[in-house]
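Once you scroll down, you'll see the structures, which are given as structure tokens.
Look at the two complexes coming up: chain A is in both, with chain B in one and chain C in the other.
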Partner chain A sequence: MAEVINDTSITKIKVQKSLSPWAVARRKFLRNKLAMVSLFFLMTVSILSFLAPYITTADITRVNIGSMSLTPSSEHWFGTDKSGRDVFTRLLYGGRVSLLVGISCTLLIITFGTLIGALAGFFGGIVDALLMRFTDFILNFPLLVFVIVLNAVFFGKLGGVPVLIAVISVLGWGGVARLVRSKILSEKENEYILAAISIGSRPAKVIMKHLLPNVLSTIIVQATLTFAAMIVVESGLSYLGFGVPAETPSWGNMLAASREPDVLQNMPWIWIPPALTLVITILSINFIGEGIKDALNPKSLR
Partner chain B sequence: MSNVVDIQHKEQSPPLPTNHETLLEVKDLKTYYPVKGGFFRRTVGHVKAVDGVSFTLKKGETLGLVGESGCGKSTAGRTILKLLKPTGGSIVFNGEDITKIRGGRLRERRKDFQMVFQDPYASLNPMQMVGDIVSEPIKNYYPRKKAKEIKQEVMELLNRVGLPDDAYYKYAHEFSGGQRQRIGIARALALKPKLIIADEPVSALDVSVQSQVLNLLNELQDDFNLTYLFIAHDLSVVKHMSDKIGIMYLGHIVEIADKKSIYEEPLHPYTQALISAVPEPNPKKKKERIVLEGDVPSPENPPSGCPFHTRCPVAVDKCSTIKPELKEVKPGRQVACILVD
Partner chain C sequence: MLKYTLRRILGMIPMLLLISIVVFSLALSMPGDPFGGEIDPNNTDPQYIEEMREKAGLNDPVHVQYGRWISNFMQGDFGESTRYKMPVAELIGERMPNTLFLGITSLVITYILAFVMGMYAGRKPYTTADNLIGGVNYLGLAVPSYIAGVFAIYFFSFKLGWFPFSGSVDITLQNGSFEYYLSRLHHVFLPAIVLGALGTASYTQFLRNDIIESSRKDYVRTARAKGTPETKIYNKHILRNSIIPLITFLGFDIVTLISGAIITEAIFTYPGIGQLFLDSINNRDYPVMMTLTMMFSFLVLFGNMIADLLYGIVDPRIRVD
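So, the complex of A and B:
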């Protein structure tokens, strides 16, 4: 007992509240220079994109025959494309669409995947078998072919950004569900889960309060990777002409212009800005994901 | 004359408080784990972790359950708390059969029986503050209780188990093994249960800390009117804690009696071997040591007849055919061996 009393006096001199595991992770993340630079870049791109209507006044859709394929100048910072539209303006508006598709798909995929994975992992048995066979079924759909077919079916009827988001999300959550399930399976073997059941916590509470916080680090890292991957998917589909409708600017649609050999060879200002932005954005997201992974790893020292 | 002897005998073994009512009655409890195999993952056999365990536990008593690793004592404890599904038998707690109940009714009962877990590291959620860990059971059962009252109650509990006030705002990883086990005990106490099953609560701790935690458990038993089922593999730990001791071997209880009789006059050959293995602090005292040969047989394919006959030093032929029942050989003493009468 004497030792315990001694403990009290020592700890009272030190901090009253101690850092939560999240606070420790945040501190580590803030010290990671590469991740911070990436975060700064991503925030800048996002803010510029979402404030696009206030930054530029140029009309994004109107074709201007008088100013086709102009080289960069003080009036058109990144020049104009073959239809006479300002590349800088389209870059900002394109960022809106690309980032929106990326974020929406990521949120939907992570939410749905985590839900399915957590239920399957926690309950096991027949619930697990049914949910995982459903997941396998979804994973078996070839995303690209499915999107192209849907696009053909809905051509001119539905189309547009929301449909694209829905289709990618519905077909994309399988991997996340499997990952979360495997994490939950190993985490639920810990005695604190048994303890939670024996103190009368309901299954929903056990999953929300005990299991998910302990696998959240994996989910967050997976979310950043998914975010990057979804931007690539959007650009890839748009480049091929099956993604966002051609009249809506997106980084992928802007890249599609480079399919013309003339543009690719002689007008680099049309496709280099979206290409570079895309590459650096994806790199930043991956660096941020790496930084979060390091920060949440209790064994890393930084 | 014989009457007088009888009375004397009863007085000699007083540790069974006869006027107390029964709190827990376990009858022929069985827990089998299915073994899956083959192409379609069919059940091809069972691991009989607990195979016919029976005992009764009176209010305020402590029953020590001893046995070597893998004999099913932890499984028995978890099954009694309905954390595992019993395969057969019955569990009667406080006059109510809880073997079959589930869902909300089981949840309602759970507040009367709690568990202290073996591993002080794995049994506390690393993402929760100690205050949240200990207050969660209270919040589960008394959702309308004011946050201030709960905090007050938790603070008192933490103090009672010997933790400083500011432990409330700390995380489990900031504590030593012994202190973590105190947190686990506080959590088990939060609902003021009647029965606590302690599953090897000190086996993961330093010897110097073990006695502190054991003494704490002893003090709490008086303060909170607790009944303990104390699971351990260390006979000296059990001796310190228990009124009654049950010896388990391969999913069966082979002998159950009050502490004194077990230590002074073990009847079952396995108990005799266990007792002879307890270290003797006096080096001048010579002790007969019974060394058991071989390994514990697999519970998936237990030996026929008496489960212990493969290693028993005094086994005879019929031990491999007759399965001995746990029967009362003297008042308060039950042994499962055909050679003991």
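So, the complex of A and C:
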């Protein structure tokens, strides 16, 4: 946090000079209380999750018959689940998996979607037609249905988190590609692109150096929204039993315990922590996204 | 318009063929024989299995198998469920009314909520109530349906005992009686609320923004100048203009309802198509799984087409390209 405060003091001194667009955006974002609180929450959750092995000592995999379904106490903060595993510990480990799946899918989807969208938008013509038909084709697959089917295909052969990430990403990039294409299409009409092309810049350079930086703000906002959506997808699939393998804790898997009416009715401490953590995490990411969108929009007043 | 519609419908055909190829290859790459439903699993005699495989055509080249499957499929023969031992078409026909009932009820709930909230917020923008509606909508957009569903069951079924938490009807009741239909409505209410309330946000915000925009237009000023009562201006003049763009949402609703139905039916153990789909995956009931996957893909394609066509009706400029 110390660095962040330092940053604002520096930008305040430079106010007279007129700020760079990024500095303006950063200042707007730092003033957005909701976004800052969300960012703080998200960072806390991430740090706690990724340091889970150092914070907690309880074993998450061992079934402990002696301490089954205990109510919350000073020893087990959120109680234990039906197999006697500490809910708090599982929550932290679950966060690792859920956030990891979310981030990996987002990175893959954004990278691939941007690549396809940029190529289609920049080259136009036959390249555009082919790539966009392919994108339409991908977009026509109902994501949830096909992830479930693909998971059944890989069942037993290749399982686990990497396959889940790959499957979600392969089916999920269509929307980003369309968005980036439309942004590139309108951006490339500008004179500076014509200038760059006429002095002989290669297409790769025009796209990387001139076009992408100018659509970056859209991509960043889209990335935060995708991140939230991917966490929803992962935990939804895990809840249905088609996501992360059951033995790996994830927020969705923990929530899946509530599919037993007995747990749902009588042991709320098992499913309320993952449910609330999920809701607050998703809300935080959305608030951060809105904050970034607001900050990067030169027309917004704040 | 007719030309545009025809072009869109014809455009669907190659897409459907491609999807059918993908679905077929997925089924082929699954563990076990996808079309071996007729083979008696208790008879392990290799010669018998080989005979049955030959009879079922599983030794034919892949493209022949695909051709047979797709031509049967086009004629409405979806094969036989390996688990329920009945034609897939019948099985789906049995479950379909439940899902349709859930979908329609949730759409009605969405419309009622969205209209009440959207019209109020549009009429009194930037007030506390408008902000509250905006906040609730934001929550509805962010909270996943399974979490809302789990909390709904916990509070309304277990704590308050208002609604049943599973099934589609009280099985002790006789089919056709008044209580039977009442019980169905009672069972569908909670899942439909969860599915419907979460879809409200986009409608409400669209209606609100459109009403605010319309209320600054000239025809509204004219109406005001004539001394038309404010209520009439909002409920008649503005609403009529703001509803038209809303119909384009209908196409996307079909898409949302599919994925919504799968998750909601799983939470509430509601015996519909979504539940059947998950069961068919768990039980490796390939004919059912393939038919439903094709059906869902077709519905998505169909929903997108409906959305495009409705856009074309609402905004004629779109038809040109």
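A few notes on this one:
Simple rule for what comes next: the second predicted complex is superposed on the first by the 284 of 302 C-alpha atoms of A that agree within 3 Å, B and C clash if a C-alpha of one lies under 4 Å from a C-alpha of the other, contacts with A are read in each partner's own complex, and residues count from 1 in each chain.
Here is the rule we use: a contact is a pair of C-beta atoms (placed from the backbone, for glycine too) under 8 Å apart; a residue touches a chain by one contact, two chains touch by 3 or more.
Remember, it's a predicted structure, so these values are computed and weren't measured experimentally.
Once the two structures are overlaid, the count of chain A residues touched is higher for C than for its counterpart among chain B and chain C. Once the two complexes are overlaid on the shared chain, A:Gly200 sits against chain B while remaining clear of chain C. After overlaying the two complexes on the shared chain, residue contacts for A:Asn190 are found with chain B alone; chain C is out of touch. Of the two partner chains placed by superposition, A:Ser46 touches none, neither chain B nor chain C. Using the contact criterion defined above for the overlaid structures, shared-chain residue A:Asn297 touches neither chain B nor chain C, since it reaches no partner. Of the two partner chains, chain B is the only one touched by A:Asn214; chain C is not. The contact sets of chain A with chain B and with chain C never meet.
Every residue of chain C that touches chain A in the complex is listed here, in rising order: 15, 18-19, 22-23, 26, 29-31, 138-139, 141-147, 150-151, 153-154, 158, 165-166, 255, 258-259, 262-263, 266-267, 277-278, 281-282, 284, 289, 292-293, 296-297, 300-301, 304. The part of chain A that touches chain C in the complex is made up of residues 136-137, 140-146, 148-150, 152-153, 155-156, 228, 232, 235-236, 239-242, 255, 258-259, 261, 264-265, 268, 271, 275, 278-279, 282-283, 286.
Residues 78, 81, 83, 107, 110-111, 114-115, 117-119, 122-129, 136-137, 140-141, 162-166, 169-171, 174, 184, 187, 190-191 of chain B are the ones touching chain A in the complex.
Considering their complex, residues 1, 4, 7-8, 11-12, 16-18, 20-21, 190-192, 194-202, 205, 209-210, 213-214 of chain A touch chain B.
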